[in-house]
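Chain lettering (A, B, C and D) follows the sequence in which the chains are written, and residue indices restart at 1 in each chain.
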Amino acid sequence: MNRVLRAAAVATTLLSSIPLAASAENVRIPVLVPITGILALEGTSQRNGAVMALDEKPSGIEAGYDVTDTAASPETAVNALERALSQPNVVAVAASIFGPQMLAMMPIAAERKVPLITISGTAKITEMGNAYVFRFFPTDAVVKVAQARYVVEELKKTRVALVYQTTAYGQSGQAHLTDNFKRLGAQIVFEEGLAPTVKDMAPVLAKLKAANPDVIVLQLHSGPTALFVKQAAGLNLPIVAGSAMHQPSTAALLEPAELKGVCAESGSSPISGGSPTMEKFTAAYRAKFNAEPDAFAVAQYDGTRMVLDAIGKGARNAAQVRDVLATGSYEGLAMTYKSDGTGNMAHDAVIVCYDGSSRVPKIVKRYAAR
Amino acid sequence: MSALLELRGVTVAYGGAPVVEDASLTLAFREVAALLGANGAGKSTLLKAVMGLVPLARGEIFLHGETLTGVPPEERARRGIAYVPEGRRVFGGMTVRENLEVAAWCDAASRRRRLDEAFFLFPQLAEKSSARAWTLSGGQQQMLAIGRALMQAPSLLLLDEPFLGLAPVLVREVVNRIRAAAVGGPGILIAEQAFDAVAALAPRGYAMRLGRVTAEGTLSELRDSGMLAESLLPR
Amino acid sequence: MSAASAPPERILRAAHAPWLAGAALLALYAAFMGDIYGLRLLTQAGIYALLVIGYQFVFGHAGAFSLAQGAFFGLGAYVTGILGAKLGWGFMTTFPLSILLPAAFALLVAAPVLRLETHYFALATLGLAQVALIGAVNWESLTGGANGLVGVPRVVLFGARIAPGWPLLLFVWGLVALGGVLAWRLTRGMKGLAYRTVRERPLAAASVGLDGGTLRATAFVLSAAYGGAAGALHANSLGVVSPEAFDFSIMVACLTMAVVGGRGRIAGAILGAVLLVHLPEWLRGLEQYYLIAYGAALLLVVILAPDGLAGLVDRTWRRARGTTETLPFLPSSAVVAFTGGAALHVECLTKSFGGVTALDSVELRVAPGEIVGLIGPNGSGKSTLANLITGLYRPDQGHIRLDNAPFEPLRPHEIARLGVARTFQTAELIGGASLIDNVAVAYAATADANLPHARGRALNALAQAGLSDRAWEEAAAQPAGVRRLAEVARAVARKPRFLVLDEPSAGLTDDERATLARLLRGLAAGGVAVLVIDHNLPFLSGLAGRLVCLEAGRVIAAGTPDAVLAHPDVRRAYLGAAEDTP
Amino acid sequence: MDALTLVQLLLNATALGAAYALVALGFVLVINATGAVNFAHGDLVMAGGFLSVALAGALPLPGIVLLPVVAALMALLGLALSAAAYLPLRNRPPVSVFISTIAVGVMLQNGANAIFGAAPRGGPPLAGDGALSLGGLALDRQSAAVIVAAAILLAATHLLLTHTQLGKRMRATAQDPEMACALGVRTGRMVALTFALAAALAGTAGLLLSNRYFVTPAEGGSLMLKAYIAVVIGGWGRIGGAVIGAFLIALFESVIAAFLSQPVAEAALYAVLLIVLFVRPGGILGEVEGRRA
């Protein structure tokens, strides 16, 4: 029996590892992102960013792709990855923003030697020694430093109330924020995790107020961030939120006046403009998707562009693409991307703030990882 | 005199076995007739068949000379058949008043009038008009079931063992008042297993045994013929 | 034996042909069409099949609408995840523990949860599942929180790594086969019949001595064990554990697979799992619309396949073959012989319902070998007495005992085990089962319960009731009289020491009534004490040595049939006073 | 915590509870009429929310004007739901309807996701924005409007069910369909109307929730769960009980959560639920008695 098993395993391995010579014309870059379920909002931005890059065919390279929903569970993501990898000539995969899905997909990517291009913020994914994961959005270890430093160094606040989501995004951010505030000498006077289904923020606001903080730091998803900002208006405390607040769809839920004094960390803020290329991207994105781009879309766009750029420069298979990603650098819309050796490509974070007159935030501070 | 209700060769079967077999009977306008027989003789099934709650295997039922074949129960109710089932089956979660009102198919004014009549007939129900039906005693529930049927202003009233939980005297009085109060009041078919309960109010009746109608006649004829005794008691 | 014809193996083969063909098809698909992705999906389907096979115990067999199966899955996954990823324990240790811990948890909560009915049970199990989910998300130090745990070891058996792809597929499906066979052994034949009776006719189950509570608890614990195994494999195959393993969507998927595949069927569990894992994957091409199509497909399947896909396959197969099933061979067995009975004593029995006294200080004694008839108008308390004797109601006052064994602390199935058998006012038969199986369940509570053997004995009981010709026919299709006699046969088959029959003659033809009388006289001759409640006075007076007449919960007359029927109170109760006639 | 804050929290709980009560009411009406759980009920609330968003986008009218339109359109959806997922299965065990409504829920959720996208959306305010100040209490107008609107709808539903012939016939059908039929009630129609009413209530709840709490395609499941819990706490099949259960859930979310942490408050709700079930297996109020099985 054992021999049969082993024979079968050998046969399978042989079948799957027949080297397929790829030409630039028939490479594939599948897009595996959550477009339904709890992370559908972020996942849709991710898809749009990747699709935009792939459709633009920079330097005439046509990369085949299809979009597969990874929904909300690691299992579905693994299925999607196996399905994508069953096609020939996959040189890279645009992979989910959802941390647990990444963690489940990574061993397979490593085994099949295909790089994953992601924007998941979960710090852990680049801490596991996996050489096939490349993250084009600043990790929590970067953006949470920026968020904490902005609070302490720019706003000069030291009594922090921290409200986070009891999700992968929220808990990962909470861990880094706690460390950073401690390092910066600020005190977390109030802390609470909220399920993403919470509707009424009044109870947490009541407790928060009683702790007498001088700043509120959020690590919530889009809808809850808007809910919180709306209901916290009466407290007159500055709010420095997580990246969800920079998303135009979050700001759309609030009146400009309600946004006054609210800041957020992010990798970039495409709708804030700043450079002609970014403005061109934003216009093209609006035209193509009838939606406002956010930093997730930009980051996935940049990451996908870097892969296409590598192919344009002669990379012909997954291994070559991986090598370029691991060693090269790329001038993207948001920043210059270069691996730190663990797959983190993005090292800059921005803080954006709303001035109360519009839903378009201004970039008030840039932080580069030291 | 043309009949109010006529059953011709009615057969009802559950899972292949006939429960009522080849039953025929007629009921004239405003007539009160008894359907006598022991438990399990098929009386309840026969009444359900008239109401349309069980399908006929064979035979035909006519109301006012018109066939009821293919007419669903709700339509039969609207054509004037009212049914007081065994076990009363009042709507327990609804009040007494609501139980009564739900059965009235008429404008609001007539509904109020019929409600007054029902409360006049059953003063106990008037006292408890806002109580949930399940809180009533068995006898009161029986009154409610009868009152509910009367709210339909039926031309044919089917009563299945109405004496359970009610003193026979009270039922007799109720039936007599139903007949006296309503001009052009309903014909009534009463299924019963105790002879004396119906003896005073149904001049005529049918005896049923093992699913068949075995005898027909005035109640004294039925009793004297021995057919009834066979249905209910030995020797 | 007359009904005997084909040997059982042939029937087995014929009925299972489509399933063997299906399994072969699946294997062929895996062998020739399956790339790594295909193998992965089939592996996943296997894991869900294991989950659903387990769910069939509690949902299909015990008939309890549990919403905790997803939680057992999650529990299994987290046991493997925590022990494997945090402590580095291997599969050989974590797998058994992942089965044991959910099972132990199920055992712990079984007692309070299982006494709840239908939706309350469903919500209680759902509540437990939700608490588990909240725990998995928020107990970060143990569970890794919403990010979960990474680095769950792969399956390693005796030092050999079971790699994803073919090896894992074969391993998982090997476990499915093992789990399927075990489930089949635990629910086939007599045990399946026992579950079916508990599920569909709980009163009848208790009356033949089946302990529904214990059966349900066993099913619940078994479900948990299978759920834990599936969860463990899920964790091992993914390498990560996250709170999604506890998500309600797993429970919904499991339930859907069970219903779409076929409730209570092992083949259904496998079919449902394979279909529902693959269906969304087949529809992937529709991008964001694929789940809409999935919902529509699911709706169609539910509407078009009332008994699930397994039922559909069976029906189609049967129609294609154009024949009804051949009757199985039955070993012959001795005629049911009675070896004596016991005396029933009812003393000062009183029972009221919400202020209405149903029974008032009733005294009754039935001696071994005696047939006592209990008569009285409707509502006089006859059935209440039967229900008190068999433990369905608790008396307010008074005592019941069989010889010297008191009934008071006993539950219905325990009273039945003392040697009390009964029939019900409306026959409590499983409509969809054959008469012979309805009778065979009489032996379900005996230690050496075995269906072929029990059927052989059941056939004898049916023969005594004159029903051997109809033994294999469906109970629901029988006339009322046949159903009643079949129920009497079931009671008789139990070789009771005391038998109570509630209106056994209603709906019987004259011939059937004669058969019934002969049967009961035979029992009495064998020493059984018999109490017959009936409305048919000629029948009863010919049968019973003594009559007891109840009216409004009180004994108004007792003695020989002649004396009782001539008693003025009895005549008044039935015919009314003569002077009342017009 | 000072008294003023507590009153404020109770006020919030009332607004949230009022909306949940509408959700639970529709849920229990269908349970009574069919004996089956409508698993898509939460998704109907979500659909009502998105419908409000869409209508408000097309017609710049206040929510109070859109509310009857949403209710009417949702009633049509309810009729469609009963035709697709209930009527073909009405002679099957209730679990079949459970599954068929799961299927419909999946379609609704992903339909909304495909049409409106995954972003949370804010529905129209009922009547203007801003806050009313009552002696230090900030009662925003939206909350006040939600409470008033929900109270009117609850009262209207109550009146419909208790003071109109139609409502009485719907209740009679729910309690004993065969007997109702024998009294002349067209029971099939009553069941379809019950689905319509339930969907209309769900839709209006969706509108009421969508402004203050936004609406997302994936939120149906958690709303269904709340309705389910409310109905079990209140006693299976009890309309008043479901409303009380809904307010109890809101109390946990809006008040108890201010004393415990939010996850602990959520777990406490389930703990209370389990305790209620173990102590009183028939719900807080017990089941409707006198109902025939």
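A few notes on this one:
Please note the rule applied: contacts are C-beta pairs under 8 Å (C-beta built on N, C-alpha and C of every residue); 3 or more make two chains touch, one makes a residue touch a chain.
In this text the structure is predicted, and so the values were computed from the model without any measurement.
If you take subunit B and subunit C together, the chains in touch with both are D. Subunit A and subunit D have CA centres that are 36 Å apart.
Each chain gets a centre from the mean of its Cα atoms; for subunit A and subunit C, those two points are 52 Å apart. In this assembly, the C-alpha centroid of subunit A lies 75 Å from the C-alpha centroid of subunit B.
A straight line joining the Cα centres of subunit B and subunit D is 42 Å long. In subunit C, the residues that reach two or more other chains under the touch definition are 137-138, 288, 291. The set of subunit B residues touching two or more other chains is empty.
Touching of two or more other chains is recorded for residues 109-110, 113, 263, 266 of subunit D.
Pairwise, the chains that make contact are A-C, A-D, B-C, B-D, C-D.
Taken in their complex, subunit B has these residues touching subunit D: 51, 53, 72-75, 77-78, 82-83, 85, 89-94, 98, 101-105, 132-135, 148, 152. Residues 14-19, 38-40, 138, 161, 164-165, 193-197, 199-200, 203, 210, 219-220, 223, 229, 232-235 of subunit B are the ones touching subunit C in the complex. On subunit D, the positions that touch subunit B within their shared complex are 162, 165, 168-169, 171-172, 175-176, 178-187, 288-292. Looking at the complex, you find that subunit A touches subunit C at residues 2, 5-6, 8-9, 11-13, 15-16, 35-36, 66-69, 72-75, 78-80, 82-83, 85-86, 99-100, 103-104, 107, 122, 124, 128, 166-172, 193, 195.
Residues 35-41, 44, 137-138, 140, 145-148, 150-151, 160, 162-163, 165-167, 170, 234, 238-240, 242, 244, 247, 249, 281, 284-285, 287-288, 290-291 of subunit C touch subunit A in their complex.
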